[in-house]
Amino acid sequence: MGLLSVAGVVAGYSAADEILKGVDLDVEAGEIVAIIGPNGAGKSTLLKTVAGLLRPKAGTIALGGQRIDGRPAREISTLGLAFVPQEANVFARMSVAENLEMGGYVDPRGAKHKIAALLERFPMLAEKRRQAARTLSGGQRQILAMAMALMVEPRILLLDEPSAGLSPVAAEQLFATIRAINREGVAIAMVEQNAHEALAIAHRAFILVDGRNSRSGAGAALAADPEVKRLFLGA
Amino acid sequence: MALLEITGLRRSFYGIAALSGVDLAVESGSITGLIGPNGAGKTTLFNCVSGIVPPQGGRVVFDGADITGWRPDRIARRGLVRTFQIARGFPGLTVMENLLLYGPDQPGERLLPALCRLPAARRREEELRERARAIAARLALDRVLDNPASALSGGQKKLLEIGRALMTEPKLVLLDEPIAGVNPALAEEIGAHLRRLLADGLTFLVIEHHMDMIARLCHPVIVMAEGRTLAQGSFAEIAARGEVQEAYMGRRWAS
Amino acid sequence: MTDYLVAMLTFAALYGLMSLALNLVWGMAGMINLGLVGFFALGGYASALLTHRFGLPIPVGLAAAFLFAGACGVVVALVTARLRGDYLAIVTLGFAEVVRIIASNEIWLTNGTDGISGIPGPLRGEVPPATFNLVYLLIVLAVVAIAFFLLQNLRHSPFGRVLRAIRDDDQVAAVAGKWVIAFKIEAFAISSGMLGLAGALYGHYTSYIAPDAFVPLVTIYIVLALSAGGTGSNLGALCGALLIVFFQEGTRFIAAWAPGLGAVQLAALREIAISATLILILRFRPQGLLPEKLPRLAKR
Amino acid sequence: MTEIAQLVLNGIIAGTILAVPAIGITAIYAVLRFPNFAVSSIATMGAFAGYVANVSFGLPAAAAILVGFLLAGLVGVVSDEIVLKPIRRNGLLAAAIASVALTLALENVVRFFFGNDLRSYDLPIARDWRFLGLRIGPQQVENLAIALIAMAAVFLFLAFTRMGKAMRAVADNPMLADIKGINADTVARIVNFAGMGLAGIGGMLIGLDTSIDPLTGFRAILSIFAAAVLGGLGSVPGAVVGALTIGIAEELSLLILAPPYRSAVGFVAILLVLTLRPRGILGERAY
């Protein structure tokens, strides 16, 4: 039994359309899993469904053996699963410190210590702790968004296209941070357009096509597969 | 004389400079790439050139006319049209109406001809409809013409943006990340469309973060950083320059 | 009974004219106008003053009402054209209140809260009242028919398409080469003019206008009519207006099953019923009874 | 000169009172993103609740105001829950329009029970204080103090309490707030309670100065929205600045305009600000 197991999930934004048509996904404790696939395959929808922002119409989602499908996002966020959306993932008009505080809203115990520890870990955030989050650059904002997610000491972090819109330099730094967080034992499931980098750091990867699982396997093996290369790596 | 010539363009928001003196030229018959880190001012540059945000200093000369500070509609009618990074448009209009809307010189858009259904307006409408059908066929949108634009997939919305731009019979198209969030197969297709349109005599200025696309499609490439143009040249030349690597590209593309 | 029906239909037609006007700005161009009654009042006073005080012919009064209210619409639109919907709601609501304050206080011009009485009507006094009412109904119906015909043309014209595009995203409409502000001002001006015309027709019909007739409740009626009929649809606007008048008359019968209530209380109950109906429609059928349809143009 | 000073003093007092409902409406806007016109009749309801507490039960004005706050807050929460919340799903403009209908319905509820007569609070008769040639009534001073206390409470709440920060978080980014475990429904209820409660206080403070009737709130609505728009809808400090500006401008307008035109001053102010500085004096949603 993995840490997160998703089985046969069907979901969509309205009664009529199904974006996910039966998707399986599993993440073991402590690993990095990349989810890649063409546009419209349902990658972001999958993360939103797992995080509880969308209600699955069928299938099961379990976190550490406990069913979480159909429960609202704010409940799921108390169970050790933290979701970082792709856009608008910080409170733009609140200060960096307040953002961290809101990151740990569900469990205010020891928040001061956790904030202090995170500010020590990310000196850039400490420097700007009183500044409004909207004054941060794109890369800094992603770091803040992840730091907010770490406030709940999650077992697993869901990242939706963390490198979208970042310059290659900023993306590189971001992936290094993701790896560092993972080395501390936090499992990571991330959706990425940037398949090169994602496969390079992922232990395993899932490929979604048109709302269904297409391939899965070790990140390096998939990266070397000629068909995957042709489809997703633009080679 | 370049088709688009920008000199010393400046714009700031709430005291923070987004553009601090941009100089840039787009030659007729090119696909010029515009790259740079986030916050370099690329989209602000598009906004200033297309008239959505008035610049606070500098000059924009397009096709021999000084268009600095013009209204966006006037600029569009002169032959400079842009797309948006996140596909925007008219969800409450059909795909066909989206295309027709961009058609220029429609007398039926004036009040009196509209009220009285003048024949001139109807004739023009028929011409535009013909043109819209041709463009839609070219972009594989002909099967969805009567669907509301809100029902299109992400990739189709990107294609519709390009299709609408073509309806204006433009001289220059500013594309803001035309393949962002698009799968590689469709990105390839969009690239092929642009090349064909280039052959038809169009000129493009393209913001893009995908280096593959920039490398294969764009010449020349302009690098922006911190509200200024940093370098210009072929992709290979740009990629070889130390300050560009430092500012933007990182190690992977330097090798 | 016939007299009653004729009167009801006349009011329904006046509401229909206002509802069509609202559909032009709100339904097509997406600009909310919560100050409808202000423009209605401007037209009412303009025509009443010109015909009653200066003895000008009624058609001149009607034309003046259209032009004056339309011109005021241009001014309001000039200020508000760049604003988002919620600000527009506030400004237009305020505009109507200011019109009412002026009408109540500039006694030299409007006779204040006493209002203006003895406004002439076509053939009034020359034919029996029943005939006058019938003739007037026909006049109003003719005006509504012309307005409906022209607005249908507009709705299906490229002009209407631009308005609907502006409703969706005015910045992209500008990039598409449309002078957005000009379109908004034109739509707002025509709509305001139509409201002014409705006000003038109202004054010549009842022969009396006063600030009391121009309360926000009238705006609510019209918004309710259009919401019920179908925002974006001209036919819906007319059907909605008819429904509202029937509904309004229906609520008069509250008195029958609630004896022992005073006049103030009965009036309060009616207004509560009407407000509640609008709320229910916005809640359960926001697209209205006859929703807007998209044109099918792909086939040649 | 003294006349102008007196008008400015009156304007400051009026503006401070105006700031209370303006903060309420701007806070509701910040969280729920639509102008809730129900504020006008809910302010009236607060004034009438205070009236019943004061006249029928003999409570002093300061205690009666608390009753006004609670009733207005309660009506605000319940009416939002039943009427406006479901309509917000159909669009924010639909909710704004529905709130106009709601305010009309609530105004008529007051009219149904109390009729159209003017009513006055039962207040101890006190003589005005004089200093430097200016006059000020003890009741005015009390009103000023109540308004200032209400404002201070709002600021402390937003800046330092967990719920206050959560409220700003929802105003800032509702989707993210949901992910972070902040219950947007709870926040909406609290902001409605507090915001409409403040409107109720405002209605009563306005009534304490003169008298009340079912249109008390409606007559103030232009000034209230003018204050909120002037400061930038959604910005709490902006609402205070806006309210003071409107209060002083309305009083000074008496130098050149007839008294009935006072409420038109707010309208003109809205037009001026929206033309010159569309985001309001302090910019939209500064807090």
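For clarity, chains are labelled A, B, C and D in written order, and residue numbers in each chain start from 1.
By our rule, a contact is a pair of C-beta atoms (placed from the backbone, for glycine too) under 8 Å apart; a residue touches a chain by one contact, two chains touch by 3 or more.
All of these numbers come straight from a predicted model, not from anything done at the bench.
Engineer: Is the C-beta contact count larger for A-B or for B-C?
Structural biologist: B-C
Engineer: Can you tell me which chain lies farthest from chain D, using the average of the Cα atoms as each chain's centre?
Structural biologist: Ranked by distance of C-alpha centres from chain D, the top chain is B.
Engineer: Could you work out how far the Cα centre of chain A sits from that of chain C, in whole Å?
Structural biologist: 53
Engineer: Just the number, please: Cα centre separation of chain B and chain D in whole Å.
Structural biologist: The mean C-alpha positions of chain B and chain D differ by 47 Å.
Engineer: How many angstrom lie between the CA centroids of chain A and chain B, rounded to a whole number?
Structural biologist: Taking the mean C-alpha position of each chain, the two centres sit 32 Å apart.
Engineer: Where the centres are mean C-alpha positions, what is the separation of chain B from chain C, in Å?
Structural biologist: It comes to 42 Å between the two C-alpha centres.
Engineer: Two-or-more-chain contact residues of chain B, please, as numbers and ranges.
Structural biologist: Residues: none.
Engineer: Multi-chain contacts in chain C: which residues touch at least two other chains?
Structural biologist: none
Engineer: Give the residues of chain A that touch two or more other chains, as numbers and ranges in rising order.
Structural biologist: In chain A, nothing touches at least two other chains.
Engineer: So which chains actually touch one another? I want all the pairs, not just one.
Structural biologist: Contact pairs between chains: A-B, A-D, B-C, C-D.
Engineer: Give the list of chain C residues in touch with chain D in this complex.
Structural biologist: Counting only chain C, the residues touching chain D are 32, 34, 79-80, 82-83, 85-87, 89-91, 93-95, 97-98, 101-102, 104-105, 216-217, 219-220, 223-224, 227, 262, 264-265, 267-269, 271-272, 274-276, 278-279, 282-283, 286.
Engineer: Which of the residues in chain D end up touching chain C in this complex?
Structural biologist: 29, 34-35, 37, 83, 86-87, 90-94, 96-98, 100-102, 104-105, 107-109, 111-112, 115-116, 221-222, 225-226, 229, 233, 258, 260-261, 263-264, 266-267, 270-271, 274-275, 278
Engineer: Inside the complex, what are the residues of chain D that reach chain A?
Structural biologist: Residues of chain D touching chain A: 162, 165-166, 168-169, 172-173, 175-183, 285-287.
Engineer: Which of the residues in chain B come into contact with chain A in the complex?
Structural biologist: Going by the criterion above, the answer is residues 36-39, 153-155, 180-188, 209, 211-212, 247-253.
Engineer: Going by the contact rule set out above, which residues of chain A touch chain D in the complex?
Structural biologist: The contact residues of chain A facing chain D are 51, 53, 72-75, 77-78, 83, 85, 88-94, 98, 101-103, 105-106, 108, 148.
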